[in-house]
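Down below are the structures I want you to see.
After this come two complexes, each holding chain A, first together with chain B and then together with chain C.
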Partner chain A sequence: MATQHSRSAARIMMAPAVILLLGWMLIPLTMTVVFSFKKYLPMRGGDLGWVGFENYARFVTSSSFWPAVATTLIVVGGVLLITVILGVLLALLLDQPMWGQGIVRLLVISPFFVMPTVSALVWKNMFMDPVNGIFAHLWKFFGAQPIEWLSNASVTSIVMIVSWQWLPFATLILLTAIQSLDSEQLEAAEMDGAKAVSRFGYIILPHLARAITIVVLIQTIFLLSIFAEIFVTTQGSFGTRTLTYLIYQRVLESQNVGLGSAGGVYAIILANIVALFLMRIVGKNLDT
Partner chain B sequence: MGRITLDQVSKSFGEVEVIPPLDLTIDDGEFVVFVGPSGCGKSTLLRLIAGLEDVSSGEIRIDREPATHLPPSKRGLAMVFQSYALYPHMSVRKNIAFPMKMAGVPEDEQARKIADAATALNLTDYLDRRPGQLSGGQRQRVAIGRAIVREPAAFLFDEPLSNLDAALRVGMRLEISELHKRLATTMIYVTHDQVEAMTMADKIVVLRDGLIEQVGSPLDLYRAPRNLFVAGFIGSPRMNFVTGAGDRMGGAPTIGVRPEHIMASKESGPWKGTVGVSEHLGSDTFLHVHDTGLAETLTVRVGGEFDARHGDTVFLTPDDEKIHRFDADGSRIA
Partner chain C sequence: MGRSVTTQRKAFNTLFAWGIGLLIFFPILWTILTSFKTEATAIADPPVIFFFDWTVENYVVVQERSNYLRFLWNSVIIAGGSTVLGIIIAVPAAWSMAFVPSRRTKDILLWMLSTKMLPAVGVLYPIYLIFIKLGILDTRIGLVVVMMFINLPIIVWMLYTYFREIPGEILEAARMDGASLRAEIIHVLTPMAIPGIASTVLLNFILAWNEAFWTLNLTAAKAAPLTAFIASYSSPEGLFYAKLSAASVMAIAPILVMGWFSQKQLVRGLTFGAVK
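And now, the complex of A and B:
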């Protein structure tokens, strides 16, 4: 379609954007890699020279590394599970014709517009506060001892907060997918004697498979780097230190830029492994 | 058994009455075609029978059992949709097996019925493909296969051939007719193609705006259309209508003559006109004749050898025996 000439013209015109993006990405990445091979302590002597792989070794052997990886995976996995399951149910519900559909849909989407910092603060102070929170009142109303959410059920709390933020996204994608299902297929299944549950299992769910993989893929990329939710609630204590948060602590709290950078490189590798793994699944699902 | 009776059945969507109350009886083993222009309510009527829409009033009986409030799966009817509505993520085999699986038919019986249906419909080589990997005609056959294995009391088809090309349509038309002869099951077939209606039906139901205009065998409808609408709808090319010809035509306000019932000659005849377009089909030629003073255009069928060019003068003789007469509000005058 494109001639040689138009192709090279296109390349020249795209160049500024590509160069800008490359610079944007490559410069911090290179700096991270460079720092990771250095002993660099800003407040305690600054650049102390090259140290080879010492930072890498120290980062993985530190007692907080594996728990941080585990926490990261639990949070990501938990949020994915909750958002996908509830997202499918909500999408099914919102697809039904009902009064005030437009407004209901808008309300369902709205948590997505709230900044992570704000929503985490709202959850922390309004819902999960063991004295004044709504949950505490609810528990007391039923005569139960209020839970100290952020200290006793800390990971669960983080998962709840993040799920609340991402549920609208999952619902939105899944709702559009459900709406694209040919209603004649459902009618055919109904005539073939499929009950509502079978129709869901045999027709709707397979139809949603592709949308679900896309939700999982996109959310994973963003969930691996959640930070604000932890920062404003538990500050990484009570077992909520994810890999991202651990890196932050190494760089800013311990003022060890080299060690933190090594952690950053590990995080990049972890993200790529997860992404590769997910791409495989998506690729398989997109075939059909 | 598959005798279906509609008793004063009507359907409204909100304020709009799509189907005014109508009565209709479909006998066991009959091939009934619903035909009518787009939007006249053919699909709606079929969906009412299938149970995919609730009736607004009236009663549906299948084999004399009241079925008005039965869910679709309990009516024992199978439907073939215009879009085929195959399950895209299942193989052909699984598609055909689906209704049996839902009914809890044992595996070996399923396998046997699938094999039978596949042989009958020429699908044996495609059983492990997905619907997306099949041609339109093959998909159509899978949809029919899925309907057959249920052994329904009646088959419902909603414009099943409208997505196929002309040649394939003729082929599938024959296959469906043969299937009907072989199974002798009631079939209700919706189309807006009057050729399909004429060639396949035992009984044609002509609909307009939800109203039944006429019910009868294809030849009844061709020979004695009850009104102008049916006369214009059945037969191809359309019947010619001449309005206000007055006394010459025995006093009927409107008369109709089919193109095949007018003779053309170059020498003499009661009507005189000029040839416009002539369509050569080989065996026949259709002449569009203007300036007769009777109607804008008269269509005339002549033999393939008849030589007439644009602008030639021709004389036309209608076959008096086969003239249809209609009164002022369009009803047939016997």
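And now, the complex of A and C:
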């Protein structure tokens, strides 16, 4: 249907977005790759020449690398586990008939709209503070010794804060998926005497599989780069240094740009592996 | 026929769901309540939940001491400016991809999405350096541009999914009647596209408002938005719970309300149309 004329018009209309994004992607990316092959210390001599793959080797052999990988895996894995499991349960609950469903939905999705610095600080000071925090009061009420959350259970604390932020996202998407489920199928199963558990296992869960995959992939991409939650709570101490935070410290705090850039390239490769799976699913959806 | 539900079961659902909902909402509720307490009441042991002398003093103090309005204004400019700029660039692109698709449209869309997945920390120093060279470190214009780029893929995607739902026959009919491309856009397409554009604006404003990597790393005193303002409470001001709460409430209240209106768009915008 499209004429030659409208095709070239379309190309012109697309050009600004494409060219700008191309520049936004390629220029910094090229710079990062170039820096990663250099000894580059802005505060101590600047650009000190090419060093080949030395930064890449140093980044992975430094004593903070494997702990950072472990922390990253625990944080991402922990948050995914909590948000997906609780998300499915919450979505099932919210799908039930009840009074004031709309308001409950609003309450549940609210944490997603709280800016990361606010949620991190509110949790840190008003909940996890070992003296005046709500948790400390609760623990004392039950006669237990309050926990110093952010120093003695630091990674758990970060997982809790981030899970609270992302649970609404998982819930909302899974709820949308549940609501698209054909209710006749469920009714038929119920009439045939299928128990609630088997209805869940054989009908609801398979139906949710795709939505769960999408939640996992999208959250993974965002969770790999959480920053503010660590920045305002522990600043990476007490074992909460994730890969993202380690790279940030290398680049801006110790101003070792070469080393940090090599780390950045690793992070980009990692994110792209996850993104590849996500794009497959999204791409398939585009065809229909 | 829907499944029949006993009133008893519905009552149980309601009670249970409200309980869970309030539990999840509790940190926000607690912050709101604390913001109206005096500092002494805020750390009272045992905690006072509802029956205290309500005061708005904290809000006044926060504004006076830290010039809250300036940070608010920075947030508005950065989130608003980047969204408007993004829409201006994205509307033509999304329009052409939705109505004049070519073989490469899908690839371009997926590629745009992939730029969104680039970890920010991987390009932190280059951006920082470019900002210094251009003299736009700690300026609002610099942040507007960065936020625009961060959200442009989502804006294009959302608009694309909305535009695709506009039936092509209507455009053809307009064309048959001799409407020019311009007339077609202004009189036929725009009215039908407005709801989609409005939703896109809303969601991206929220995302830009809450973004806390670039805003923390590229701003200092001048252009700092609310994310950075709150971060400055990390210590020791964070121990003043009532003031921390007042500052927090002021930072999240407008966006929370906007967020409530954008639930549906949230799903569409953040799953790139994969879940509807």
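Quick note on the criterion: the second predicted complex is superposed on the first by the 264 of 288 C-alpha atoms of A that agree within 3 Å, B and C clash if a C-alpha of one lies under 4 Å from a C-alpha of the other, contacts with A are read in each partner's own complex, and residues count from 1 in each chain.
Assume a residue touches a chain if its C-beta (ideal position, glycine included) is under 8 Å from a C-beta of that chain, and two chains touch if they have at least 3 such contacts.
On a predicted model such as this, the values are computed, not experimentally measured, just so you know.
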Put the two structures on top of each other at chain A: do chain B and chain C fit, or clash? fit
First (chain B), second (chain C), both or neither: which does A:L107 touch? second
By the touch definition at the top of the document, which applies to A:H207: first (chain B), second (chain C), both, or neither? first
From the CA centre of chain A, what is the angle out to the CA centres of chain B and chain C, nearest 10°? 80
Touching partner for A:E190 - first (chain B), second (chain C), both, neither: both
Touching partner for A:S198 - first (chain B), second (chain C), both, neither: first
Quick one: is A:A144 in contact with chain B, with chain C, with both, or with neither? Answer first, second, both or neither. neither
Counting residues of chain A touched by each partner, does chain B or chain C come out ahead? C
Which partner chains sit in contact with A:V60 here, chain B, chain C, both or neither? Use first/second/both/neither. neither
Would you sort A:D182 into first (chain B), second (chain C), both or neither based on which partner it touches? first
When the two complexes are superposed, chain B comes to within a least CA distance of chain C, in Å, of 5
Please report the chain A residues shared by its interface with chain B and its interface with chain C. 187, 190
Using the touch rule from the top, collect the residues of chain B that touch chain A in their complex. 50-52, 71-73, 77-79, 81-83, 85-90, 98-99, 102-103, 130, 146, 150
Which residues of chain A touch chain C once you look at their complex with the stated criterion? 1-2, 6-7, 9-11, 13-14, 16-18, 20-21, 24-25, 27-29, 31-32, 35, 90, 93-94, 96-101, 103-119, 121-127, 129, 132, 134, 137, 141, 164, 167-169, 172-173, 176-177, 180, 183, 187, 190, 210-211, 214, 218, 221, 224-225, 227-228, 231-233, 244, 247-248, 251-252, 257, 260-261, 264-265, 267-268, 270-272, 274-275, 278-279, 281-283, 285-287
Name, in rising order, each residue of chain A that touches chain B in their complex. 182, 184-185, 187-195, 198, 202-203, 206-207, 209, 288
Given the complex with chain A, which residues does chain C contribute to the contact? 2-3, 5, 10, 13-14, 16-18, 20-22, 24-25, 27-28, 30-31, 34, 43, 45-47, 89-90, 92-93, 95-97, 99-100, 102, 106, 108-110, 112-115, 117-130, 149, 152-153, 156, 168, 172, 181, 206, 209-210, 212-213, 216-217, 226-228, 230-231, 233-234, 238-239, 241, 244-245, 248, 251-252, 255-256, 258-260, 263, 266-267, 270-276
